[in-house]
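Dropping a structure here in structure tokens format, bear with me for questions.
We call the chains A, B, C and D, going by the order they appear; numbering starts again at 1 in every chain.
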Amino acid sequence: MAEFLSLAQAIEANVKDGDAVAMEGFTHLIPFAAGHEIIRQKRKRLSLIRMTPDLIYDQLIGMGCAERMTFSWGGNPGVGSLHRFRDAYQNGWPNQIEIVEHSHAAMANAYDAAAAGLPFAVFRGYRGAELPRVNPSIKEVICPYTGEKLATVPAVKLDVAIIHAQKADRKGNVLLEGIVGVQKEAVLAARRSVVTVEEIVDELNPPSPNSVVLPSWTVKAVVQVPGGAHPSYTHGYYKRDNAFYKAWDEIARERDTFTAWMDENVLRKGPEVFAAHAKKVA
Amino acid sequence: MAEFLSLAQAIEANVKDGDAVAMEGFTHLIPFAAGHEIIRQKRKRLSLIRMTPDLIYDQLIGMGCAERMTFSWGGNPGVGSLHRFRDAYQNGWPNQIEIVEHSHAAMANAYDAAAAGLPFAVFRGYRGAELPRVNPSIKEVICPYTGEKLATVPAVKLDVAIIHAQKADRKGNVLLEGIVGVQKEAVLAARRSVVTVEEIVDELNPPSPNSVVLPSWTVKAVVQVPGGAHPSYTHGYYKRDNAFYKAWDEIARERDTFTAWMDENVLRKGPEVFAAHAKKVA
Amino acid sequence: MSQTFTPNEMMTVAAARALTNDDVCFVGIGAPSAACNLARHTHAPGIVLIYESGTLETRPNVLPLSIGDGELCETALTTVSVPEMFRYWLQGGRITTGFLGGAQIDRYANLNTTVVGPYEKPSVRLPGGGGAPEIATSCGQIFITMAHSKRAFVEKIDFFTSLGHGEGGDSRKKLGVTTKGPTKVITDLCVMEPDDKTKELTVVSLHPGVTKDQVIAATGWQIKFAPDAGETPPPNETELKVLRELHARTKAAHGGNA
Amino acid sequence: MSQTFTPNEMMTVAAARALTNDDVCFVGIGAPSAACNLARHTHAPGIVLIYESGTLETRPNVLPLSIGDGELCETALTTVSVPEMFRYWLQGGRITTGFLGGAQIDRYANLNTTVVGPYEKPSVRLPGGGGAPEIATSCGQIFITMAHSKRAFVEKIDFFTSLGHGEGGDSRKKLGVTTKGPTKVITDLCVMEPDDKTKELTVVSLHPGVTKDQVIAATGWQIKFAPDAGETPPPNETELKVLRELHARTKAAHGGNA
């Protein structure tokens, strides 16, 4: 059963130095507040996993929390590159970071396989592509019926999954809506999970019998952090702050502007600052 | 794009003698009206596929429409056996029927693989079970990462999938709600599909952004048949007629009572008789 | 206080009592469904019930006739597709206790729900395994509920639909299966558990009024009794009341043409 | 009637025109998104647009900045999970036309969005392939939109992120790939198509005012021109109006802090 904790408690209890951590979100519902808490708690040597690492992973990497990133597309969507990731990967600042690179299809299948308790996934992928040359974890199997060669990817292995969602009820059941990405799979794949939510409500009242709901017993900790996905967004609550994504390009370009921004906006602040973004628009 | 047809037209155009046909539904939304139309049109040598073949497959088999059944659990749920299937399989009446038997997990994975365009699926199954001895299509692969042996099943191959759903809009987009079974996978796996619906509406208005919707361009024909799932049920419209499922045990036990019932209730009737069951209860 | 009860009620109550508030159960139709819902309405209100039709954490007010009755979806936390159910939830290892039954069972709790007679030319073609082959290996443990008779409790089952303890001992381990398998077989006569070492089913308690001879007569192999086998505590008043109300509600709901 | 337009507008309009009302498109961010939505607002109102974030049949009123903007979900027929998107919809073979672009392209329309320089020690680490490796092989055909420059149109790409026509000829077939691959490369200078036989990109039309020499100067290999290469018809009034309104709405929506 999920425990209701403060964000500091939830991160303290569930994220350890050296952990394999997925903070998932496909543009939507990215758990920024939780990421900032990890930075404040100065976690080290994290192995970060995500299909589309964006600003929050740029921030974690720039602050020296990570030693590895497993990903399929690492950029600032619609804007450009992740300068802090590049600086770490190309120049070793603040520390060298290792990469494990896949395609989206591979990562999506790797999450799916892990949620399904399988050691690997099979997909029709990478034909004529070069990634298999540089990523030894990409292998192949032969279909026992047709003889077709198909690509394989190992299931993701996660110590902890961290996601943001619309709401939880008082038992800790969690409702996700909109672009749900691979968040459900990430939680089901992980040994531990932390879910930040906009609201905690008496009754979940999912709009459809087939709504995406994570039962309380699949979640380790639930934390209410209104606005906790900003500058990403929460469907039904607030929009994506596209202007901030554009502004990040300048902030992160140089080490000193980055450090100053992190100091002022993350290290000297707490999760309560996110509440300013948490207006319900639906 | 889906065409709007009468039930007779839809079956005429999409179900041919000898076709591999899945009329799916996991207790819920079983397309009985469409099955009756196939019987009236006297289709022959169908290869019937379904996880849980129940009364409608008993009827198709008893009326001589089928030559093969691929399945994982064939019974009258909560009541007992399918007498017409048994009579065909054990005694060859009205004709001999061949079986291809799997487990639920295998069938569910076989539909999933077909929907995903893969030739086979991998799952952890059949350990210590005897089905692999009698079903040569059950094979295994070795995980290229862990060396674990896992079971495989070929993807289902369908000429046509037939399902029942709550509603379609005027473009032919289809909404399913409640126990959705493997119906979406069946439609995506099939070369052709026929969907009977309770209602055709101007706007689909799915209650959740993540509602189960089949786009019009994945469906071949949409037919409005209110009550078309009876004695199965349609979530939000009418309940399962459990009394009829119990009564079927007596009707189907003997060849003559069966034949008389089919004559009176199927051969001499049309899809309009289902409308009597179509009260909206939601 | 003494009350009369049927052997079937005793079986259901004994199965219900074996469940805890922390269990996540994969429920089958019939006795398992009654046992799980009885537990939920008595000592285990937090128990999580999952039906293979896709309904997660369901709280039916009446017992379902089929595994996919509307009641199950209407009272569920959420309902997922059947592929997801078998992939993420069952194979994903999230179920603590699964229920099985069958037409035949052997001394190692292997089950047959496929055929009586040879597979290719059966004297009775049964419905088949359904979810059983993977329920038997993916759930943390398995409870089996079955009516006790010589026709069902046999020396040799005609078909291995689902794995119990194989040929006994460490059969499961040798097959690469890491879950416990059948830990209890609950019948209308007694409760059996596999021996720690041999995994042969052993009677650990006899239901009130049942004799060893009755069990011996209803079992197709030479059944063993634990040295300390005592009497199964009879159903108490609350258990009987809740169970009978559940059945009464169910009968009322299913009898009519809803 | 003559109108002024930018090379980028010409590129977008040319891409839009190549789409039909029956297409099911896997849309990327930027020029593809503009082209697809322009087509939808002009000659192809029935075109189906799918974004890899899971949004099926979306009708955005403004162009998304990211592949998962809220606008895409709010205007979609439905939104599925990302594993389902890549498994059932892309790999399932339901997409007629996919859009790709990249930092580098070669004469066989192979693309690089991974690194400039060697993979292990790149001079520029790019975002990576994302969905491209499988989009390139699973969609019925591929349209590529890119700004035309010698830095991008190179003799040899530094990394094979996604397959175009490989080494030309029947390269795709030899790899077991049955889809067409890139059928059009649309730049801000011209439209190219692979030669029927060799699969080498060949200019089939030059945008208005663009000379062959300009194209030659902006291409890192000895670019071929079709004998009948003419002028790309310029954007018409409606196309320009619709496209500019789309961009204006987008700018207004993204500029502010919504």
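Note that contacts are C-beta pairs under 8 Å (C-beta built on N, C-alpha and C of every residue); 3 or more make two chains touch, one makes a residue touch a chain.
Computed from a predicted model, the values in this text were never measured in an experiment.
Participant: Tell me the fewest steps from chain A to chain B, where a step is a jump to a chain it touches.
Facilitator: So the least number of steps between the two chains is 1.
Participant: On a CA-centroid basis, which chain has its centre farthest from chain C's?
Facilitator: When every chain centre is compared against chain C, the largest gap points to D.
Participant: Quick check: more C-beta contact pairs in B-D or B-C?
Facilitator: Ranking B-D and B-C by C-beta contacts puts B-C first.
Participant: Between chain A and chain C, what's the gap in Å when you average each chain's C-alpha atoms?
Facilitator: 40
Participant: Averaging only over C-alpha atoms, locate the centres of chain B and chain C and give their separation in whole Å.
Facilitator: 28
Participant: Take the average of all CA coordinates in chain C, do the same for chain D, and state the distance between these two points in whole angstrom.
Facilitator: Roughly 57 Å separates the two chain centres.
Participant: Using the touch definition from the top, which residues of chain B touch two or more other chains?
Facilitator: 112, 117-118, 123-124, 148, 178, 180, 185, 206, 209-212, 235
Participant: Of all residues in chain D, which are in touch with two or more distinct other chains?
Facilitator: In chain D, the residues touching two or more other chains are 73-74, 79, 87, 91, 138.
Participant: Between the chains shown, work out who touches whom and classify the graph as line, ring, star, complete or other.
Facilitator: other
Participant: Which chains are in touch, pair by pair?
Facilitator: A-B, A-C, A-D, B-C, B-D
Participant: Over in the complex, which chain D residues touch chain A? Could you list them?
Facilitator: For chain D paired with chain A, touching residues are 29-30, 52-55, 64-70, 72-74, 79, 81-83, 85-87, 90-91, 110, 114, 119-120, 122, 124-134, 136-138, 159-163, 166, 171-172, 175-177, 253-258.
Participant: Where on chain B does chain D make contact in their complex?
Facilitator: Residues 112, 115-118, 173, 185, 188, 204, 206, 209-213, 215, 217-218.
Participant: Which residues, counting only chain D, touch chain B once they are in their complex?
Facilitator: Against chain B, chain D makes touches at 24, 48, 56-57, 73-74, 76-80, 87-88, 91-94, 138.
Participant: In the complex formed with chain B, which residues of chain A make contact?
Facilitator: 117-120, 122-124, 137, 139-141, 143-146, 148, 150, 152, 154, 177-178, 180, 206-212, 235
Participant: Touching residues of chain B toward chain C in the complex: what are they?
Facilitator: 26-28, 51-52, 71-75, 77-79, 81-82, 85-86, 89-90, 101, 103-105, 108-109, 111-112, 123-131, 134, 148-149, 178-182, 184-185, 212, 233, 235, 238-246
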